[in-house]
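In what follows, a single structure is set out as structure tokens and then discussed.
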Amino acid sequence: MASAATLALPLAKVGEVGESFFHERTSETLPCQAHESHLFCFDWAKENIDSFGTPTLQHLELVAFSVVIGFAVAFALALLAHRRLWLQTPLLATTGVIYTVPSIAFFFLLLPVTGLGRDTVIIALSAYTLQIIYRNATTGLANVPSAAKDAARGMGMSERQILWRVELPLAVPEIVAGLRIATVSTVALATLAVFIDGGGLGAKIYGRGNLTFPTSIVIAGGLAMAIAFAFDLILLGAQRYVTPWRRTAEA
Amino acid sequence: MSATLGALVPSGSIGGAIEFIFEPQSSNVTGGKEVGGLSQVVELMLNQLELTVLALALALVVALPLGLYLGHRGVGETLAVGLGNVGRAVPELALIALMASVIGVGLLNVTIALAVLGIPPILTNAFVGIHQVDHAPVDAARGMGMTEAEILFKVEMPLAVPTLMAGVRGATIAIVATATIAPLAGVLTLGDFVINRNVYGESGLLAGGILVALLALALEFALAGIQRLLTSRGLRLSAA
Amino acid sequence: MRNTTQRARASLAVLLALFLSLGVAACGSNNDNSTESGGEEGGGAIVSNPANDKVTLTIGSKNFPEQEILGEIYAQALKAAGYKVKSALNLGSETVAHQAVKSGQISGYPEYASTALTSFFGIEPEEVPAGAQPAYEKAKAEFEKEGLTAFPPTPFASANAVGTLKRTAEERNLKTISDLEGQSEEMSLYGSPECRQRIDCLAGLEKYYGLKFKSFTPVDISLRYGVLEKGQADLSILFTTDPQLSAEKDKFVILEDDKHVFPAGNIIFVTKTSTAEKAGPDYEKTIVEVQNGLTLLVMQELDARVELEKQSPAKAAAAYLKEAGYTG
């Protein structure tokens, strides 16, 4: 048990604040950020930019996990369905449903299973990413010109070698295109994580009275878009790097 | 790492959610007052539908003619495709929130914001669809003496239907999804159940999720049907 | 993009953007969830008691500024007293918070005595005792039946209020809420989503004042002044401690609650009786001591800093604790 309270004897001064604590405020003297119509208050932004640190990190975390998991599963499924054609229709249909259901609804549908928090967000966003990449991967593989495959077969390659050395490389542009779309969309969607206590930049848009504070919304939205574009360009670069034969034909 | 309020979402609440949809509920979470029930659900669903249809119509009016024109002429690719990329990156929550505080709450404002979200997919797909139509039929049509407008409407558009409709469907889903958070801006839609869990309780939360999902699926189904009607028989036969 | 220079420049610009955001992320300190340790150097009135280190307390609050400030004040003060403290300052409405403390999700949270009486215990507004101490005692007695206890009240009290633009009040000759009779049918009311059910909100206006409004639109609490300013709301539910009422008194007015449907509530800290026993006497002592300085003027000043100047509640709380001599 705790020992007897050791609060210092209350001095007359404790609990009282000085006159200077109170600031006179009138409509005219209110700072930039007090006005709902001011889109961006630079001074406040400078002072408080580090409060965006954790939400940005959380956001990046959410996106990274979702895209990686979604890609891995989609890729595996695409390979699976490539050989077993009977899988293609049911898989396409299932992933199509996932795509149609708005992510925010998906968050709440998962609630009884996974509860509030980060995990639910990642599962829902992975499913969304999965759909896009799966669709693009199967299309990409299907669009490989049969001439290339025939030539490879003629050269004596096994089915497996054809897959890894002919079909997949030719399908890469389509796959990476899907990856780009999925990543950009996921960055935007991850802002909704705030509704189920998942953190992320959405907390600087919706939480804590930010709803009437354009500067915070603009910074958070701007950071989200910057992240999205950055990822997009990085992936585009990766795509160009992996497919040197397409550099001449500007895609 | 999840669920600080996990205790408020008991498992087995799917039954509770179904009840919530059909019968007005009251519990100590709702403060004894009745919430939910079929009439409220239908009212909010119709609100969301109305909002979606209005925003989609506005987006179509703005984006479709522009995209068709640019695609036909073959100019403005950077704009059309670039806008599509940018549009995908815009966080819808930020758009609604910004609009609520700067412009104000209300049906008109939210409709405009949602239309803005729907424009990029429609514009991009209209452009790409028309632009990538096979040249052979277009040249043949020109050779037969058709006017540019006739070529666009009678040759290019029918051939571009799959891509066009894909754009419309993408726009619709984006709009319906964002209409879910319209209650933040004063327009009551099904999202009210999910945003205000204080008022509706956990069964309302789950019910909201189910209802929005169903609404989106229904719209997608309807649009798929429309697409099939619009696709000419020739295309349908050769469809992948 | 056609040539390599343009492409290179564009990629560089975007990579810069990415590094900028990563830089923000990396350099940023976590201000949102943790409480700043105000009592590091000591020297304040609150002295750290090492025996408290064994106890972890989770302080909750509802999710609007005044509540978050209070939550932060309590959390930081308890931390200075040597407790391990976590915070959950986003609980939603009073019913959610009530559930959270009953289920042990949080150790305690600050509630308005009037809200507790009317929302949790079904007491009619006219039966809510007028004074801070009687209201506190009545609430405490009711809480005791649920295994909860409440700590003594703060000096300041806050109440819901029906507010409107000064211009509207002058045009329609509105001084009290009863003046709305006959006019309310053509006026729109905006309030928080839970206002619909609360007897000290819309439900009370309908029941005790007999008022019917043209429409009621639920909006987030933070929008309550914005909807008036933009002319969307004729009337809006405000709080008597709102900083906007003094800073922008030329714009907004509140109507007098002549039928006393909106009782003023002092803050009482609600916690489980068992938690209070386990945490030791410093728990209640610290909270009661630290809230002694929260007069109406001080609370309004803190509200102003957070709501108007967009300071973080943690920062505002820390400033109060330091200025009032509780922490070094």
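Which chain is which? They are A, B and C, in the order written, and residues in each are numbered from 1.
The definition used in the following text is that a contact is a pair of C-beta atoms (placed from the backbone, for glycine too) under 8 Å apart; a residue touches a chain by one contact, two chains touch by 3 or more.
Please read these numbers as outputs of a predicted model, since none were measured by experiment.
A simple rule picks the central chain: find each chain's mean C-alpha point, then take the one closest to the mean of all protein C-alpha atoms, which gives A. The chain pair A-C and the chain pair B-C differ in C-beta contact count, and the higher one is A-C. Comparing mean CA positions across the assembly, the chain most remote from chain B is C. Note: centroid distance chain A to chain B, computed from Cα atoms, is 20 Å.
Chain A and chain C have centres, each the mean of its CA atoms, that are 32 Å apart. Note: centroid distance chain B to chain C, computed from Cα atoms, is 36 Å. Shared interface positions of chain A, defined as residues touching 2 or more other chains, are 36, 197, 210-213, 229. Along chain B, residues 4-5, 100-101, 184 each make contact with two or more other chains.
Annotation for chain C: residues touching 2 or more other chains are 220, 223, 226.
Looking at the complex, you find that chain C touches chain A at residues 2, 10-11, 14-15, 17-18, 20-22, 24-33, 45-47, 49, 51-52, 55, 63-65, 68, 81, 90, 220-223, 225-226, 229, 243, 246-248, 250-251, 279-282, 285-286, 289, 292-293, 297-298, 301, 304, 306-310, 312-313, 320, 323-326. Put simply, chain A touches chain C in their complex at residues 1-8, 10-11, 13-18, 21-23, 25-27, 30-31, 33-34, 36, 44, 48-57, 60, 197, 203, 207-213, 215-216, 223, 226-227, 229-231, 233-234, 237, 250.
For chain B in complex with chain A, the residues that touch the partner chain are 1-6, 9-14, 85-86, 88-95, 97-98, 100-102, 173, 176-177, 180-181, 184, 191, 194-195, 202, 205-206, 208-210, 212-213, 216-217, 220, 240. Remark: chain A residues 36-37, 39, 97, 99-109, 111-120, 142, 181, 184-185, 187-189, 191-192, 194-195, 197, 201-202, 205-206, 210-214, 217-218, 220-221, 224-225, 228-229, 232 touch chain B in the complex. In the complex of the two chains, the chain B residues touching chain C come out as 4-5, 7-8, 28-33, 100-101, 103-106, 183-184, 186, 188, 192, 196-199.
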